[in-house]
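Please go over the structures that come below.
Shared between the two complexes below is chain A, which has chain B as its partner in the first and chain C in the second.
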Partner chain A sequence: MTTRARPRRGDPALGLIAVVALGLYVLFIIVPVGMSAWKSLTDENPLMAQSHFIGLANYRELLHDSTLASSLSFTLVMAAVVTIVANAAGIGFAILLNKTSLSFRMMRAVAFLPQVLSGVIVGFVWRYIFAEDGILNHLLTALGIISQPVSWLGSPDLAMFSVGLVAAWVLTGFTTVVHLAALQSIPVELYQAATVDGAGRWQQFRWITFRMLAPGTTISVTISLITMLKLYDIIAALTGGGPAFATQSTALYIINLAFTDDRFGYASAVAMLLLAVSAAIALSVTGLLRRREVDL
Partner chain B sequence: MRQRRLLAACLTTALALTAGCSAASPGATNGNVSLTYLTFETPDLTASFWQSSIAQAEKQVPGLTIKDIVSPNTDRDSYAKQLQASGQFPDLLESITPSTFAPAGLLMPYPQSWVNANFLDPMGNAYKGKVYIPPTNSQIIPMVFYNKKLFAQAGISSTPTTWAQFMADCAKLKAAGITPMELGGSDSFAAAMPLTAVLSTDVLGKDPSWLQQRYAGKVHFTDPNVEAAVAKYRTMVTDGYFEPGALGVSYADSITNFTSGKTAMYMMGSWFLGSIPAAIAANFGSFLTPTDDGSVVVPYAVGGSMAISASTPSPAKATAFAEAWSLNPANLKTLLQGDGAFPLIKGKTIADYGVDPSQVYQDSYNYVLQNNNKVSAIGWVTNDDALPSGLNDDFYAAAQALFNSNDVAGQMAKLDSDWSTATQ
Partner chain C sequence: MTVLTPQRRAAAPPTAPSQSTKRRPWASRGHLAAAALLTLAFVSPIYLTIVNAFKTQSQIIQNPEAPPAPPTLQNLTEALSRPDRIVQIGLMNSAVTVVASLVLIIPLGAAFSFWLTRRSAGFRRIVLAVFGAGLMIPPAVILLPTIRILSIVHLDHTYPGLVLSNVGGGYLSFAVFVYSGFLRSVPKEIIEAAAVDGAGSLRIWWKIVMPLLRPATATVTIFLSLWIWNDFMNPQFILGPLKGQTITTGLYLSLGQYSTNYAQLFGVMFLAAVIPVAGYLVLQKQFRAGLTAGASR
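Right after this comes the complex of A and B.
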């Protein structure tokens, strides 16, 4: 029988691995963020050879940018609503699928499928579903729920709802899997003891399941929020940010600023703002949810 | 020892990569030149079209090899900007907007003598007095296409020439249970067609220099004559001449809806001519957006083929290729058939291109050939009247917003504000 040699403290191989990992992190995360921070202080235009240092002018412009305000408020509202919906749905699906038979294992795979699909494909598929003569309108008409086709992507309010629905559908695949893993780590003895004490299903869910899911919920909620705050691909394919910019997320706005309006410098300033907002929200929510875990 | 070997291997690899990078030379080797060409694909401009057209032009320039770079979508300008930002600006760029790239010194103008010798409207898409794209063809943007059977069904015997007649015809169609106007509003450029029509016709029709004056800050979108023109579009919406859910209809679906007879009229660029199936083309006609006084105004845009990068390693061969490609009638034939383009090459008639145009195409082309009031199609021209970079999206968004909102003054004020930002 052979045993794998356990790495020793001070082993140069470990150091090399750490240096490579750190190097990659610096190269692909720290350097681009640093470059973006620097560009945000310039008037860089992708078509011009030279850019100039303009101090905090881009940041001052952020304060008066009504398009940024509307895209940021759309992004924040969408992030909050979709995170809540996707996680609530994820917990529900996880409980329903928490069985070990083959059919349930297959259904878990199906539930995770939207998460595997490219956001662009998801956007295009749902664009057809939401079309005037698409599947959704046909279905609702057949069921007698509507008499005229609904313009799901045509009015600002419905377009926002449609984007939220699709994003929640995609994220639910992820939240289901995370919560399913958390569910399976709950000791069965807790439920047995609760049954002996006369606890019903609702009480078992409220006092055992929901509380014991806390670590999984922390991960799921945080990642859902971050995903939504940088949402781009689904919106680009589904609505293109329309109608009339009603569904333009901040990430989409950054791309448009950089590659349509040729304002790399200002786009970088908006990107830095989005980074700060995302970091603040992620840290606050993680702190809040971790406190809940401590209470267990 | 093993670590030293690993380190040595890493260094060797790094050195090899460095050497490889420095050895790679863009452009010429042994007198042969390789150039990049940004193209884009549509249902008509297919990959095989580009391959064969490139191959034919290559034959006329010995020692030249063209590498085709296909834009991921039809927005060539945005992709060209991404390529420029990453240091990969192509040597040749098909149908881009010169006014976006020329001010940065990224494009090389064509020899004016060659342009003058070969094209009917040599300065049609010139920017600051120089031609960056050979003016091979033109479009009217938009025209009003109509379904003859549906017009007859509503008791309309002739096409309208005044705005009042146009509105009366819309009312007749609506009364007959026919949706007067098709709109593919979920694609923003298509949503903006009626707005393009009324502004080009009413504002530029009366003052063809309006866009230059807007650049000079002498006129604004909030001026009463502009708001009055925009109000016409709002009237069409509020009077129910579009489907209520038109902003949910894609451009592709709008074509199908109109050609299948679901709606009576369609405001669209003349490229729509290429989408009318030949078998039913006789049922369709076209007219220009009517004016208040019945005068003819043609919202016009001269297009063309490729621009040449100012930093191409071989300007002579790039120019020779571009000239050969641009004057090949076979290339324009595809544009005529699939894109409804109106040719502008000197000394050639439609017959020279080997196409059999429909009557609606001929009638539409006549507006180009006639001596009439041609004005810049706002948002579409690539000459000095091109909108500031980035403003097209704001213009399209205004059109979508005005479909649901009565706030004409607010939207026009926003356009003025966006204009100021874009021209800072």
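Right after this comes the complex of A and C.
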């Protein structure tokens, strides 16, 4: 594309709009990141009249904060496991639904629905599904798989599993649609040629479908990871971070530190840590997946 | 990505024609059955939300999966006749927030992206990278400073403040990305011809670029409406509990009270979900066109 077209210099109106857009973005993204960085060096607390510069004390506290360690490891494990599960499920689901008859078109339409609901609704619907007198226990009892209702959200391990299941459900709506779109861009000639060469179904999947899906998978995995690192509203509605903080994501921990404990300074330090971790993961994974696209 | 023949695309997964002609009817019936079963299981939570909204508490407890027989409208009428009118107020406040945010984001995002096409390639790359960061930053990281900034201009805990933070935040990033991607496919000649005719750039933008960008505007409108409608953290803390509720924060507050009254819970949830779900079902073609455009880039 050429950048020759820069025709009229004396045309400030469009430039003015651009300045407003850029200014708002700087004011509500860049400046807040800078302010967080600054506040993370203070002991700011809305209940105190003054805040003091305390250097790296908040960051030293990060190292010894076991609540942070467990929330960060919960967030990272969730991000990794749910991203893998949701993308594998999305690829499988997309291949299964990749037909054009009316019934398949309807199935493709409803597969996206979990993405349409707000996280708050998703959280509450599943809270009912997982309840002691909820439908999951009802079904499993009817099938004779369990004799006693299971407390899906009551014990730390099961609650983590339940949160992961719900997050994977929501994300699979997205990964399915992205991979369906990617599937439709694969030329049929590739499959025809492979058939002529005697390639079986698995070989065709392994060497054609999976590889040609790579650009779609890059987008899908990156967005899944970013979504998981931000995870807040599903957890707020489903478990509130419990039991015993087992499902407290780092985003939820920041919110609790800031709005329940009134520790703005320390919350900002945790926020800077989450930002650094998110940036490192997003950049390295995108880079890795892009390289994979080329290699494939 | 290289596409050999864009006209002929694989509509179906690979089936070797020679070997499958014989088994085809059975294979394809099995395929349909498997797909249908899996899809049904996948959307069963949504099915539960719909059917249980029309059942009484005892019907829900005894047969949670059964269709409502006989259906009752009591849950919905009760949800709508709450003394705090939380459903009506929430729907209203969310609608106002979505419309006000979009009315600002769309022209700002489109004009900014158009302006960006007239800068040097290097400058454009840097700006787009900076805007890309906005899509990645977890909202919890910038929430406290955002409230602080809004309080400096006395807009904290107000709807204008919420709208302003929507306009300036990650949503603008998304709009700029969609518009910039789309503008790459707009032939420069059209715009240059208009410039030669002596039209000012604001006029070119409004009269020529905006109509060309209509599909991108559809994508931006659809996705941002959904995201802003469903947003929870920002209204929860930027508005705070005293300044009325959007549909998500109202839902969160009111459903906390119904931990075991499932009939009430599903009544309120149905009313809160019905608008985005209906909107999606009506506009699903545009939804997926937007996602597809995003994914192929």
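FYI, the second predicted complex is superposed on the first by the 272 of 296 C-alpha atoms of A that agree within 3 Å, B and C clash if a C-alpha of one lies under 4 Å from a C-alpha of the other, contacts with A are read in each partner's own complex, and residues count from 1 in each chain.
The working rule: contacts are C-beta pairs under 8 Å (C-beta built on N, C-alpha and C of every residue); 3 or more make two chains touch, one makes a residue touch a chain.
Owing to the predicted nature of the structure, the values given are computational and were not obtained by experimental measurement.
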* Asked: So, does A:49 touch the first partner chain B, the second partner chain C, both, or neither?
  -> first
* Looking at the overlay, what does A:151 touch: chain B (first), chain C (second), both, or neither? -> first
* Return first, second, both or neither, reflecting whether A:130 touches chain B, chain C, both chains, or no partner chain. => first
* Touching A:259, do we find chain B (first), chain C (second), both, or neither? -> both
* Between chain B (first) and chain C (second), which does A:195 come into contact with in this model arrangement: first, second, both, or neither? -> second
* Asked: Does the superposition put A:243 against chain B (first), chain C (second), both, or neither?
  -> first
* Where does A:289 make contact in the superposed view: on chain B (first), on chain C (second), on both, or on neither? -> neither
* Asked: Which of the two, chain B or chain C, is in touch with more residues of chain A?
  -> C
* **Touched partner set for A:76, first chain B, second chain C, both or neither** => neither
* Asked: Which partner does A:140 contact after superposing on A: first (chain B), second (chain C), both, neither?
  -> neither
* Asked: Is there a shared patch on chain A that both chain B and chain C touch, and which residues make it up?
  -> 13, 133, 259, 264
* Asked: In their complex, what parts of chain A are in touch with chain C?
  -> 1-8, 11, 13-15, 17-18, 20-22, 24-25, 27-33, 35-36, 39, 93, 95-100, 103-104, 107-114, 116-122, 124-126, 128-129, 133-135, 138-139, 169, 172, 177-178, 181-191, 194-195, 201, 204-205, 208-209, 215-216, 219-220, 226, 229-230, 232-233, 236-237, 250-252, 254-255, 258-259, 264, 267-268, 271-272, 274-275, 278-279, 282
* Asked: In the complex of these two chains, what residues of chain B are touching chain A?
  -> 3, 6, 78, 81-82, 84-85, 100-101, 103-106, 185-188, 191, 244-250, 253, 389-390, 393, 397-398, 400-401, 403-404, 421-422
* Using the touch definition up top, name the residues of chain C that touch chain A in the complex. => 1, 3-5, 8-14, 16-18, 31-32, 34-36, 38-39, 42-43, 45-46, 48-49, 61, 64-65, 107-109, 111-112, 114-121, 127, 130-131, 133-146, 148-149, 164-165, 167-170, 172-173, 176, 184, 188, 191-192, 195, 200-202, 205, 226, 229-233, 237, 247-248, 251-252, 255, 260, 262, 265-266, 269, 272-273, 276-277, 280-281, 284, 287-288, 291-292, 294-296
* Where on chain A does chain B make contact in their complex? -> 12-13, 16, 45-49, 127, 130-133, 149-156, 239-240, 242-245, 256, 259-264
